[in-house]
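In what comes next, chain A is part of two complexes: it sits with chain B in the first one and with chain C in the second one.
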Partner chain A sequence: MDILKQISENLRGGNDKKVLEFTKLAIEQKIPPKDILDDGLIAGMDTVGKLFKAHEIFLPDVLLAAKAMYSGMDELKPILIREGIPTIGKVVIGTIQGDLHDIGKNLVGIMLKGAGFEVIDLGNDVSPEKFVERAKKENAKVIGMSALLTTTMQGMRKVIDLLNERGLSGEIKTIIGGAPVSEEFAREIGADAYGYDAASAVDRVKKLTREK
Partner chain B sequence: MREIIHCSIKDIKPDVDIILKSQGVFTPPEPPEKINALLDMSMDLFGKLSIPMGIISEISISEFEVVYSGEGQNEKNTPVNEIFRRADNLALFTATLGEGISREINELFKLNEFALGCMLDSVASEGIEKVAEIAQNHFSEYLSKSGQTTPSTRIMRYSPGYCGWHISGQKKLFEFLHPEDIAISLTDSFLMQPLKSVSGVMIAGPKEIHHFEDNFPFCSKCSGHTCRERIKSLR
Partner chain C sequence: MRPIVKFLDNELLERIVSEARDVLCKLGVEIHNRGILSMLGDYGAKVDMHRNHALFTDEIIDRTLKSAPGSFKLYDVLGNETHDFIGYNVYFTPGSAALNILDYKTRKIRKPTTMDYIKYTEVVSGLENIASQSTAFIPADVNENISDSYRLYLSLLCCKKPVVTGAFSVEAFNIMKDLQLAVRGTREKLAAKPLTIYSCCPTSPLKWSDVTSQNLVDCALHSIPVEYVSMPLAGFMAPVTLVGTLVQHTAETLSGLAISQLTNPGTPILYGGSPAIFDVRYETTPMGAVETQMIDCAYNEIGKHFGLPTQAYISLSDSKRLDTQAGLESSMGATLAVLAGVNNISGPGMLDFENCQSLEKLVVDNEICGMTLRLIKGIEPREDFPALPRFEELLKEKHLLISEHTLRYLREEQYFPGPVIDRANRARWREEGALTLFKRAHREVKRLVKEYEPSRLPGEVKRELKKLMEGEARRYGMDSLPSRDL
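On to the complex of A and B.
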């Protein structure tokens, strides 16, 4: 079996040690790093995402696969940076100010990274200023906000208003998610997208970054 | 009556079926080996890192009236509002697993141990409910020992943030309960720290007072309608 296939198949099985071993081997054999990323790591994670959507594997399987992906990614990242190979986009994510529930946001971050995005996770209880300033500083294409409380979800509007005020809304797109928010709420506050779960978050963020 | 409760880990063993369900794992009769291993590790960490504690404090109906009115942000009518005036006894409660377990979950995520971190989060979320159950058992024992129950007495727990009782209600609740005794504090947005904490009121009274319809205006946005099961379980 070729090395890239080995990477993606071991990734699917959540075998992080093997993924690391084959990524190192692929680098040694001078396989272009972009190919290792796209046809090995991201391809493997893509299959995992599809199997999860089809209910053939469970959430823990996805998370074990994500760990395996990151083990290969950590090896590859310095080379991608050295060779100036850009990621498909930077996304700044966080749980909105006042809210501490963060498991959903973490899952979204893991899946976005698995799809090849560079993810900057600001944690929880993130102020609107922090979202906007960090996204601008990092040149991020998308801000992803999570809220689990009806009391804090209004804070998402403040981030969007701040982006508008600073003339950044064309440059930086917004996506929101979390149990109390909806497609309708996203429209109401002027967010560019809503993601129902981590898998749809990936599809929507891909679409947002393509739209630009 | 005000009591600080220290629970033993063996009394708050989380329910495996509920944990697996929250992880989206539905595989009767046995989950896959890898998932079982994660579950075992999480249960082990849960046992080592949790410091389960709670406070219960009896409160009169007139005192609760003030606590419940909170910051004036509740929905106009709510299940708690319909029930508490008809209760025989009320007690405020809060419970926590301590800071250690949340710190470990964050640490696991930082170390890319996502599956274990997420499983431990589910175990802890289920575990904190068990601590609240223990608190309820204490209240129940206290009432029966002091001869304040009848065969039809049932106790139900209600929390701010649910069913129209605004989350800001935690402010007045904590002014009465003083949870700083077990190291729980409230953030500016009325959330408890440590994260794995719960709070609310326990309402004791004849079974019938706990019956209500799920047709409040806010019920249309409720996905779980868990009140139905809770009421059904009051046999």
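On to the complex of A and C.
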């Protein structure tokens, strides 16, 4: 079996040692780093995402695969940076001001990371300024916001207004999620996307980052 | 004999408790509240202010278990006793703080309004098996900063039953306390006759946020009862085993107990919770899962072992409609809860993982609750022995329909659910419109709303409540409240 396939298959099985071993081997054999990323690691995570959606595997399997993905990614990242190959993008995520629910947001973060995004997690109770400033500083492509309370969901609007005010809304896309929000609410406040679980978050963030 | 269900033998229960003490004393709890940390420090806890962290001691745990009252009572807005939380007494309360309601006409889940809330208070007023109201959902037509206090305001104004509620912020406590003071008159009278219970949640694993821990302190200072709502999610934010989750729940709940009792020894509390398993297929927290309900019953046994009254989020459903799943999950939970003797049983009306209330479901659940309340009255002899005379009467008269024995005991022996639970024969059912359960429930909702009689709370108290709420609304830029003619 070719090395990239080995990477993606082992990733699917959540075997982090093997993923690391084959990533190292691929680097040694001078396979282009972009191919190792796209056809090895990310291809593996794509399959995992599909199997998860089809209920053939469960969340722990996905997290094991994500962990295996990081082990390969840690090896590959310095090379990608050295060669100026962009990762698929940075996402700043957080739970909105006044809200302490972070379980769903954390899951979304893990899955985005597993899909190859660089994730900057601002934690919970995050102010609009902090979302926007950090996203700008990190050159992030997407801001992901979570709210679980009716009292805090309106805070999402403030982040989007602030992006508009600073002329950043074209550059930085927004995605929202959490039990009280919906596709309609996203539209109402001018968010670029809505995701109802961690897998849908990955799909939509991918779409957003491809859109530009 | 009152039937009772148990899941833990003594040895296991004691082991769970001792392991939880170990967790509290050796791993400790993160508490984002300097006042509480220094109070714990004063009582001998090892406190690290930088890490917002406290290591408990066995003395603190013993002291607070000793000062916590083993029972307390609740009173309605008029001051009449409604609840005595003691022993195996059980009471039902609607699931609280839903984001949405299920709209009967459109069959869609949507955000609720003030009018929905008023209708809810009218329905709950007439439900005989639901002993208290809860602030069941959040009207979306007022500023979000007042949405927690506004629910309490409407509840106190429209329905006389005591209220299970909770604040979403530290600031909201004040107005919510003032509304209660307006009803009772003075702080002392409110302490003597509690009107509400506040739900306060630790954050699993082993953490208290500034908001919910401050709510605990503020409630204790006013002797307002609280229920601790620890929510370990088995397999995710807690061990996958039910025993491991129980250890965590015990530790988190005892840490809350310490905060309340050190603040004000003797302040009333319920040993409560809303733990759940975590469904790794859907990333959800199923409240209708049998394992969730087993955890609930078991921690209730632990609370009873401590001699404390208990609460659980247990008679609700994860279904999105009023369907078979809704009925079976809610009744399984209600049945287990009454058999376990959970004192305050939360859940009726609730669908979609605590996210959606339905008035029609509330009416169905009221009948489910009625059946379970009958269940725990058990099987008792009522002039049944000696049996011979009764059978002689039966053989002689050919039936017992108008026997003295029947007339005396019919209503004690048999609970009559309805009009939602249908026991008509098919022809009659068809002749009466062949209504589905959802339609029968809706008809009952309409009847209750029509027959609702306004609460007899004195006019001046109502005016005072209104004044307080309007003042609070103005603080957040609202000139008036949605309903003027209350």
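By definition in this document, the second predicted complex is superposed on the first by the 212 of 212 C-alpha atoms of A that agree within 3 Å, B and C clash if a C-alpha of one lies under 4 Å from a C-alpha of the other, contacts with A are read in each partner's own complex, and residues count from 1 in each chain.
Just so we're on the same page, a contact is a pair of C-beta atoms (placed from the backbone, for glycine too) under 8 Å apart; a residue touches a chain by one contact, two chains touch by 3 or more.
Because the structure is a prediction, the values reported are computed rather than measured.
Participant: With both structures lined up on chain A, is it a clash or a fit for chain B and chain C?
Facilitator: Clash.
Participant: Between chain B (first) and chain C (second), which does A:Phe58 come into contact with in this model arrangement: first, second, both, or neither?
Facilitator: both
Participant: Does the superposition put A:Ile110 against chain B (first), chain C (second), both, or neither?
Facilitator: first
Participant: Considering only touches as defined above, state whether A:Ala198 meets chain B (first), chain C (second), both or neither.
Facilitator: Second partner only, chain C.
Participant: With both structures fitted on chain A, tell me whether chain B or chain C touches more of chain A's residues.
Facilitator: Ranking chain B and chain C by residues of chain A touched puts B first.
Participant: Of the two partner chains, chain B (first) and chain C (second), which one does A:Gln154 touch, if any: first, second, both, or neither?
Facilitator: Touch partner of A:Gln154: chain C, not chain B.
Participant: State whether A:Leu25 touches chain B only (first), chain C only (second), both chains, or neither.
Facilitator: neither
Participant: If we overlay the two complexes on their shared chain A, which of chain B and chain C does A:Ser71 touch? Say first, second, both or neither.
Facilitator: In the superposed model, A:Ser71 contacts chain B only, not chain C.
Participant: After superposition on the shared chain, which partner residues are touched by A:Leu168: those of chain B (first), chain C (second), both, or neither?
Facilitator: neither
Participant: Taking the two structures together, which residues of chain A meet both chain B and chain C?
Facilitator: Residues common to the chain A contacts of chain C and of chain B are 58-60, 98, 100, 103, 107, 149-152, 179, listed in rising order.
Participant: What residues on chain C touch chain A, complex-wise?
Facilitator: It is residues 99, 111, 138, 140, 144-145, 147-148, 168-169, 203, 209, 211, 233, 236-237, 280-283, 353, 355 of chain C that touch chain A.
Participant: Inside the complex, what are the residues of chain A that reach chain B?
Facilitator: Interface residues on chain A, with respect to chain B: 14, 58-61, 63-64, 66-67, 70-71, 97-101, 103, 106-107, 110, 125, 149-152, 179.
Participant: Show which residues of chain B lie in contact with chain A when the two form their complex.
Facilitator: Going through chain B, the ones touching chain A are 23-25, 27, 31-32, 34-35, 38, 109, 112-115, 117-119, 121, 161, 166-168, 187-191, 193, 195, 223.
Participant: Mind pulling up the chain A residues that touch chain C in the complex?
Facilitator: 55, 58-60, 98, 100, 103-104, 107, 149-154, 179-180, 197-198
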